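Both complexes below contain chain A, partnered by chain B and then by chain C.
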Partner chain A sequence: MLDVSRVQKELMEVERDKLSGVSIQILGSSLSHMQGTIEGPSGTPYEGGVFTIDIQLPSAYPFEPPKMQFITRVWHPNISSQNGAICLDILKDQWSPALTLKTALLSLQALLSTPEPGDPQDAVVAEQYLKHYSTYVSTARYWTETFAKRSSIGLQEKVMKFVEMGFSEDAALGALQSTGGDENAALEKLCSG
Partner chain B sequence: MGESSPSSTHSCEDSTISTSQELSSEETEPFNCSICLELVYKPIVQACGHIFCFWCAYQAMNVRKESHCPVCRRPYKYFPRVCELLHFALSKAVPEEYERRGREVQRTEEQKQVFSPRLVESPRQVWSPRSFDEAAGFSSLQSTPRGVAALTVNSSAGKITPASVLCSQSEDRFEDMGCARRDAAFMQKAVSVDDFRCSNCNDLLHRPVVLNCGEVFCEPCLKDTPSKVIYCPSCKAPHSGNSTFICLELNQFLEGAFPMEYSRRKGQHLAETIQPAYCENEPLGDLKAEKVLHVGVGCDGCGMYPIEGFRYRCVECTEKIGFDLCGDCYRRGGNVMGRFNQEHRPNHHMEQIQQRVHRPLDFNMHNSSIQRRRQQQQTANDLDDYINSFVE
Partner chain C sequence: MEMVLDLDGDRPRDDEIMAQHYAIRAEEAGKISFLGNKEPLSTLAAEYELGNSIFKTKIEKLGEIYGAIRRTRGDGNCFFRAFMFSYLENLLETKNNLEAARVKDSVEKCKQTLLDLGHAEFTFEDFLASFTEQLDAVQDVTLSVDKLVDNCRDQAISDSVVMFFRFITSGEIRKRADFFEPFIFGTSGMAVQQFCRTSVEPMGEESDHVHITALSDALGVPIRIVYLDSSVGDGGKTVEVNFHDFIPSELSQEKVKPPVMLLYRPGHYDILYEK
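For the complex of A and B:
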């Protein structure tokens, strides 16, 4: 049985803290599935990007770690470039019930700024990081520009994408405006409402 | 109970990335449990001095091996008893919120049919060997709980009984207040020095240390422990861990609540150099040799969890959680109070539990290598015999 009151308290804390650059949205009616976003740390190839992370809470949470996976594609030695799987100890055996979703997301942000190629999740990226560092930096930056920039395509273009999916222009525009231009969140909103 | 299964294994399990070593809680409210993020209920103070709720601490323990403090990751093996001093102090300092927490916890306990210990305000003396008559006297006292423990929930209906209507009214009032933040200054007004006396010197606690038995002492009061193992000066229960850590949260609270008294105590102890009590040996004997592991079962005497070595189970206690002792506590005898709500009596019959030895993987390998070596030895011996037969 999921500790609902603890998760609610965590979400309130994330809501209160505007400075950390971390946010969490609930997906669906239960609290077991949500989506978090972090900002790419400055001074890294991920700067300026906004990364979306899928969060699944097991029923034994917080005594078991949350399952986290990048939805936004990232070029990073410890994150799979294929499916976004994350290799981070605190999401596995080093999890502690005193950690929260917010601290876990902040740890992911820290992971972006300090890759550990010695313990890779994505061997290809790790090899590139070790052997051709400058290529790694430019690839990571290119991926950030392509996949993690909210403003990478204009609002009108996004609306057109939704119109092609069969939503009305007004509804698509409204959804996008209310979610701050986040396509995934807007789609979620359109599908639920 | 003890559902906390080991975390999922992964190919890159041995990752050394520790981006979040500091597990500091951002909550500034005093006496918040960093696991449920609520006011601690039936506080458990770990040997490292960190405070958790009884059930949070229990669930956070590893059923198979040594556990680690969720906040500082210090390893520990013994589940402490509830710190009654803190329990009664909190029920006085923030009565409404504490009662609300009590009702929440009781509701969950009713659902799971496993209960935390019932706490009765003094006279309280646990663990010390006593005659059965005295124990019986204690039980009659226990059957009339007062204070927080008096809250009753109708188990069949799952609702609060009319007897506690007063409480439900206060709950409504509390909910009206919304999520008002707990204020240290407010809490400090409701308590007095009498609520925070050291069990040894009977003065205000200074640098409080909570032992495994749940009793609280000034750190200097524990300094003169003659043996290597720290034993509680009043109930003689052994403390887990080989050094004492002060409970910083309680210390901070005391300093804020009674500044005059606290500085007086500080002055008293200043003359003596404060050195933490320290011992080199693991307390509670040599269980290292017997590696039988009783997964998910803890000792009600010393709190070892899981029990290693001999295990005895009471065959007369009917509570779901059961009553178990480790070999040492069984041999020590006396009246041992359960760590939950068990009604265990010293005359109850206990039975040794035989359990298949749980061997970790490397242990198996070690075993097979021993076997291999034995086989080699055997062939060598055979060869010697063979040669000897020729020599003769």
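For the complex of A and C:
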């Protein structure tokens, strides 16, 4: 049985702490599937990107680790460029119930800052990191520009459009998020609400 | 977007690795419950009948003081599970309500340590409650040893209490990092934080004298470890069973008999009973 009350407390903590740069959204009605986002750390090729992570909680959570996988495509030695699978000890045998979804997401953020090419998930990226570092940096930056920014910049533009039409920023953002970024559906929602 | 697996020789995904990890644990679980029945020490002797003569001699000597053994599952949590049951059983049999009250005070101090170290209360409050529920349970005169055994075989209870012990062991080590650092660095080469993160807090990580010292100090409970190994003293002339009593500092001036006595064989702890 998933420890629902623990998960709810974790979500409240993430909600309260706006400064961490980490957020979590529940998908659907069950607490076992959610999406997290982290910001790319500054001073890295991931700076300016917002990365979405799929989170699935096994029923034995928090005794078993959450399953996390990048949805946003990312070029990093410890993250599969094909499927977003992550190589990080705390998501495997080094998981502890003393950790939380928030600390796990912060660890992913730290992983973006400090790749471990010696223990790679993606052998191609790791080899590039070790042999052609500057190519790795420019590729990672390109991937950040291409995959981690498009939706967020697009979203901000859509929000501003609604703000110009006279809706509040919060309402516009909420409507766009709940409709998956579909402008027409969001407008309908804003007008009917 | 369609994703294709195995294009570039990726390693297995995290969940695949974890699935294998749990399969190995489950196999271990099939062999013995968290806690076995109390057995006469002769069953230990039978295990070594065809083996090493040093072990046989040591088990004979062991038999002069100890009469029974209770085995625990070898899943890396055996020290904590053995401590849990042995301590609670001692409280139950001695009806020592003063000790139960004293250890609850220690638990409160441990809680404060964890908060001071920056742990969110929700991460450990349920585990703490599991332990205090068991402390309350053994103060009830109607509780039988069999019922206590059942409680300690219940995975939800046992895992929660083990996790609470892991929390406070880690908390004690980090609170007194200057004291523990040389021991930790000496045996593992790790820094204190890293040791706690990788060798104390995750379930299934085995315990050594650092963990035992820290738990004993955190709760204020003396622990005896009796070592059954192939070591011999005095150039091989004498074969003695070594033991060490871990005595919390506030009790170090007194002559105390540890309520918890465990038998250590390399990599594993079981519970020992005096005759």
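Note that in this section the second predicted complex is superposed on the first by the 150 of 193 C-alpha atoms of A that agree within 3 Å, B and C clash if a C-alpha of one lies under 4 Å from a C-alpha of the other, contacts with A are read in each partner's own complex, and residues count from 1 in each chain.
Criterion: contacts are C-beta pairs under 8 Å (C-beta built on N, C-alpha and C of every residue); 3 or more make two chains touch, one makes a residue touch a chain.
Because the structure is a prediction, the values reported are computed rather than measured.
J.: So, on chain A, is it clash or fit between chain B and chain C?
T.: clash
J.: Going by the contact rule set out at the top, does A:Ser192 touch chain B (first), chain C (second), both, or neither?
T.: Touch status of A:Ser192: no partner.
J.: Scan A:Ser42 for contacts with chain B and chain C and give back first, second, both or neither.
T.: Touch status of A:Ser42: no partner.
J.: Does chain B (first) or chain C (second) touch A:Ser80, or do both, or does neither?
T.: Only chain C; A:Ser80 stays clear of chain B.
J.: By the touch definition at the top of the document, which applies to A:Leu106: first (chain B), second (chain C), both, or neither?
T.: Touch status of A:Leu106: first partner only.
J.: Which partner chains sit in contact with A:Trp95 here, chain B, chain C, both or neither? Use first/second/both/neither.
T.: Both chain B and chain C are touched by A:Trp95.
J.: Let me test your reading of the model: by the given contact rule, A:Asp3 touches which partner, first (chain B), second (chain C), both or neither?
T.: both
J.: What is the contact status of A:Val124 with respect to chain B (first) and chain C (second): first, second, both, or neither?
T.: A:Val124 sits against chain C, while chain B stays out of touch.
J.: Where on chain A do chain B and chain C both make contact?
T.: Touching chain B and chain C on chain A: residues 3, 6, 9-10, 13, 63-65, 87-89, 92-99, 120-121.
J.: Using the touch definition up top, name the residues of chain A that touch chain B in the complex.
T.: Per the stated touch rule, the residues are 3, 5-6, 9-10, 13, 60, 62-65, 78, 87-90, 92-99, 103-104, 106-107, 110-111, 114, 116, 119-121.
J.: What does chain B use to touch chain A in their complex?
T.: The contact residues of chain B facing chain A are 3-5, 7-10, 12-20, 23, 25-26, 34-38, 56, 59-60, 68, 70-71, 73.
J.: Applying the document's contact rule, which stretches of chain A touch chain C when the two form their complex?
T.: 3, 6, 9-10, 13, 63-65, 67-69, 80-89, 91-100, 120-124
J.: Could you list, by residue number, the parts of chain C that touch chain A in their complex?
T.: Of all residues in chain C, those touching chain A are 3-5, 7-11, 13-15, 17-18, 21-22, 119-120, 122-124, 126-127, 159, 163, 166-167, 170, 197-198, 201-204.
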